[in-house]
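Supplied in structure tokens, the structure appears directly below.
Chain nomenclature is as follows: A, B, C and D, assigned in order of appearance, with residue numbering initiated at 1 for each chain independently.
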Amino acid sequence: MIRCFRLADPQQPVKVRVVSGNVEVEVGDQRFHFQLELSGPGGGFIHVEGKKLPLFCARLRPGVWQLFFGGQEHTVVLEDPLRASPRPARGHDGQEELVAPIPGRVVQVLVPAGAEVAPGTPVVVLEAMKMQNLIATQVAGRVREVRVAPGATVEAG
Amino acid sequence: MIRCFRLADPQQPVKVRVVSGNVEVEVGDQRFHFQLELSGPGGGFIHVEGKKLPLFCARLRPGVWQLFFGGQEHTVVLEDPLRASPRPARGHDGQEELVAPIPGRVVQVLVPAGAEVAPGTPVVVLEAMKMQNLIATQVAGRVREVRVAPGATVEAG
Amino acid sequence: MRVLIANRGEIALRLVRACHELGWEAVAVHSQVDGAQPYVLAADAAVALGPSAPQDSYLNVPKLLAAARETGCQAVHPGYGFLAENPAFARAVLDAGLVWMGPPPEVIELLGCKTAARQLAARVGVPVVPGTEPLASVEQARAFAREVGYPILLKAVGGGGGKGMRVVGSEGELAEAYARASAEGQAFFADPRVYAEKLVAFPRHVEVQILADGFGRVVHVGERECSIQRRHQKLLEETPSPAVSPELRKRLGEAAVAVCQAAGYVTAGTVEFLLTAEGQFYFLEVNTRLQVEHPITEVVYGVDLAQWMMRLALGEPLTLQQQDLVPRGHAVECRVYAEDPERDFAPSPGTVCVLKEPAGPGVRVDSGVEQGSPVPTEYDPILAKLIVWGETREHALSRLSRALSEFVVLGVRTTLPLFRWLLDDPDFRQGRVHTGFLPGFLAGRATKAEPIAVAVAAALETLGTGVEPPDPTAFRTDLAAWRQAGRQRLLWRWAP
Amino acid sequence: MRVLIANRGEIALRLVRACHELGWEAVAVHSQVDGAQPYVLAADAAVALGPSAPQDSYLNVPKLLAAARETGCQAVHPGYGFLAENPAFARAVLDAGLVWMGPPPEVIELLGCKTAARQLAARVGVPVVPGTEPLASVEQARAFAREVGYPILLKAVGGGGGKGMRVVGSEGELAEAYARASAEGQAFFADPRVYAEKLVAFPRHVEVQILADGFGRVVHVGERECSIQRRHQKLLEETPSPAVSPELRKRLGEAAVAVCQAAGYVTAGTVEFLLTAEGQFYFLEVNTRLQVEHPITEVVYGVDLAQWMMRLALGEPLTLQQQDLVPRGHAVECRVYAEDPERDFAPSPGTVCVLKEPAGPGVRVDSGVEQGSPVPTEYDPILAKLIVWGETREHALSRLSRALSEFVVLGVRTTLPLFRWLLDDPDFRQGRVHTGFLPGFLAGRATKAEPIAVAVAAALETLGTGVEPPDPTAFRTDLAAWRQAGRQRLLWRWAP
């Protein structure tokens, strides 16, 4: 089985070849050989350079992996080059859409629809896990529409 | 679903009725009502008298359960009255067969075939987990056949 | 004795265990989302409070009192956070004829007013940072700042734990900071008043544990160094403080005892100080609760603070002698929060998909979760506390490193990686820290995935599987599905 | 520094952790059945020794030395059991140019000869139980018994831990007991010689921990009460002993130090005594190893014995002062063995199907297994050790009760239920124990399944499923099967 990905940060091609547990991966110009012995979706072992490393893994979203091995946690974001790259958060007509960076409850909307904003202007107070967070826009322009109200719960994204 | 068992010790009839997680059990003349909320073969919860008790379970053999709930471990041996009751360890022609009570390695066979033995005569030295154990016969008679040799590994039973 | 634990998570489990170890029963309360949390299952009885919003559950005084009444409790322990430092709740508990397992309500009230506490400290000769009374307006704050110079701190009068606190670096920031501090004070402590303090440059946050009985005896149980903070909330604590000599410990301890004695304090409490690089200390405030970080004191002083707090609340005399309370070895606590240290500690609610806790010599884990536990968005994001003890600070830090290499929490982002980074920092290893240390430390970091990790992830993605955070609505497995799966030779446990 | 850990299970993991905490690397060795045990996975490198039989793996000196050489180790720690007290192994390690992390081989040899050790003790004025030199024949044993009266004890000269030891109640039992003790001595210690001792009635088994450096400094780290035994092997230990006053502790400690000083002891060791109801003590023997029960001393004295043993072996001076080594609080250890306490401690090998370890305040678990671990029949049946600390004995026992209520091991029978029964016994609660306590305690017990447990089991049997101990040949899941299962929303972990 052969598959290609794109590493999100830094942008690099990743090429994988798996033949019954034997794995060859190219990450940019580095090559890795190891064996995966998986005992369940939560993990298993990596056999690499004669060492058997316990592996724990969680797939947070397609392409987004949280791994633990060798005493360290690793987060890896892979993109599928066959699919369109993730759209920057963008409304219709080239307009920017403010996307909640964290999940939480809207405490206050600081700007009304129609207001002029500069980059960095705080527009919403979002409360999550008992902390109020000021969410600012990153572009200049005019607020076209306010889709949330105080008390509303939002997910990240 | 209704099933009947026989408790091995003390001998008592056990009658179970399960309707989608609601359980009614009669053990001798005692009646129990509870709900089982199972989250996997390793356990789940018992809902009994308004309390949610974590339950851990292992089925050591058919009918033999090792349970943990309420801070205590419990072992229960159930027999299926529809099947023949477990045959006492008995060879052909009414002759007794010595069955290893524990798994281990045979260190020494103390009696040759043909020897006369009395109840309590040690016949085999079995080593398990670094302890040598003297295994005795429980009947009187003549040793007909020795089927193990020193160094052999035996399972319980 | 039957005690209602008016809290959730790791501290509720800590208190349930304390009750059991005293031969008592413990009753848990829980909101809708917490019904199967470990502290609920460990308790002898559990009462469902209702919806997950704190005001409908853990902050709802009538529901808590009804739960205590219905389950026949004789006492209430509030834990930390929620209503722990709310004098009205303490009074309501006492009025219901129950034992309040905390300081008397009038003491909570007195010390909860930060300006009154400062006055009390000054009166008994304990130094305080220059500051104001509660301010009537932002103009008064401006006047104070002009007098002592920027930066200043704005603090909610009822605040604590960094909530309702803002650093103001210049006059341009003042108005918004004032409004935010006041709003948080109103939201969390129902008190919009704010006061101002001169900001001490590069201080350490050092606090002293005290125990007091109802007969006027107060002892201190040493200090805790709590300078590793993000957003004015502690992340890592240790005792002894690398900056505190036995002589300074004695002076800090005596100051803490003097304040608590003057306040008529009973049970367990903590007196917070700022400690300057020159060794000058200033009284900050008194936390009238059992602190999150109490375990490091327990392991270094050989004292069970949670049990003592309960016993002192019942009127037992304090039999510990000050001269016997000597530190032995060194302890460090790491707070495992569901927060992303690479994204400015953004909350990371979700599900703990994979959990493996460290163990062995010198390691204690006070955890509130197990594998499969949901991490709700509504509450404090603490998952667990890792406490290590060692013969020396160096021994404790090496052990911490070993324990962290065994600690696996996947499914949510946590602060665990941060502690691994900290142990590699020469300043932290030497104990050269202050309350502004962590932001500076993190600003200098850039983390990229290691190529070998990228390779493993790519292999796993190719195989197309892995534990995914479950759909919360699909938590409860039904019996039919279970039976179907049960024949497979799999070992799994899924706490709904 | 790179250390070969010539052992397995919980003690190997303890030592791997100690190496990591000292900033060193650890190399594990394992037999065929142990390749995925936690201690192997925790080590920095692992060497497969071969078949599971001890003589082909953990007792095989050439293989162990080759493993140390191939992996570039500079030192070898033997743990307990296996070759820990084998002077030939110690010599072979030294001859290979490696550091032996135990006492010098000639000290092991001297103290390993129980009769020579008794002579040494007597020479430095430490009381010994009346006994013999190594016996030439069963007739000499008979003569000794006629002189001091039955019951007597027969002990293998090279023995320890109850192996090669037999109680002889009357002359009729003597011949068989002599043969068995001699056979076990030959099998375990390659020495068939046996000696005899007068059996002291109802003694306590009390032992003293010592630490010694290569410069002649020896300190003692208090005593351990080890009277709860089955087949002369310890099951539960505590410190301080309920029978030892500070004054007796001082005398026991001085006796232990005198013996070790006379023997030229270096690193960590244990001097065992019998203590009569009247407070008279007799020297028994010296265990020239790190004991199974070392953790209780660690938590009560605040000393890391495993690390000190390694550092002392490297030639570091002992910097601990005798006057600083004072007990604080009380600790109890329970040995979780894969043995059935309801069937006379019959071995119960198999698979740990379900494992949940206790945690929280005052609880330490030194475990060698995880969920899914096989429990082979070839080795010592220890799975884990539960160690609890409390401010007082009562506090520690209450905490033990709490911790035991959280400890789940299913799939094999264990000694865990025994400890729960013990805590209900008034004599044990009062500390009124002796080495014959446990058999008497167990003889009075009859356990029947509780009806509610019968009801739950019957319900589960009706549903027809549950975790079953796996077929060992099916352990290794292949990738294809895993992929097939991976889509299911299950959380499972199966350590092959």
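Quick note on the criterion: a contact is a pair of C-beta atoms (placed from the backbone, for glycine too) under 8 Å apart; a residue touches a chain by one contact, two chains touch by 3 or more.
Just so you know, these numbers come straight off a predicted model, no measurement behind them.
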Those chains that touch chain B and also touch chain A are C, D
So how far apart, in whole Å, are chain B and chain D when each is placed at the average of its C-alpha atoms? 29
How many angstrom lie between the centres of chain A and chain D, each centre taken as the mean Cα position? 49
Touching two or more other chains - residue numbers and ranges from chain C: 353-354, 405-406, 463, 465-468, 479, 482, 485-486, 490-494
Check each residue of chain B and list the ones that touch at least two other chains. 36, 38, 40-43
For this assembly, give the contact graph shape among line, ring, star, complete and other. other
Touching pairs of chains in this structure are A-C, A-D, B-C, B-D, C-D
Okay, in this complex, where on chain B does chain C touch? 20-21, 36-45, 50-54
Given the complex, residues on chain A that touch chain C span 1, 3, 5, 7, 9-10, 12, 14, 16, 18, 23, 25, 27-28, 30, 32, 34, 36, 38, 40-43, 46, 48, 55-60, 62-63, 65-69, 71-78, 101-105, 107, 128-132, 134, 153
Which residues of chain C touch chain A in the complex? 163, 180, 183-184, 187-188, 231, 338-339, 342-343, 346-347, 349, 353-354, 356, 377-381, 404-406, 408, 410-411, 413, 416-417, 420, 448-463, 465-469, 490, 492
Within the complex, chain A is touched by chain D residues 35-36, 40-41, 45-46, 476-480, 482, 485-486, 490-496
In their shared complex, at which residues does chain C touch chain D? 13-14, 17-18, 20-23, 42, 295, 298, 302-304, 306-307, 328-329, 353-354, 357, 359-367, 371-372, 390-391, 395, 398-399, 401-402, 405-406, 463-468, 470, 474, 479, 482-483, 485-494
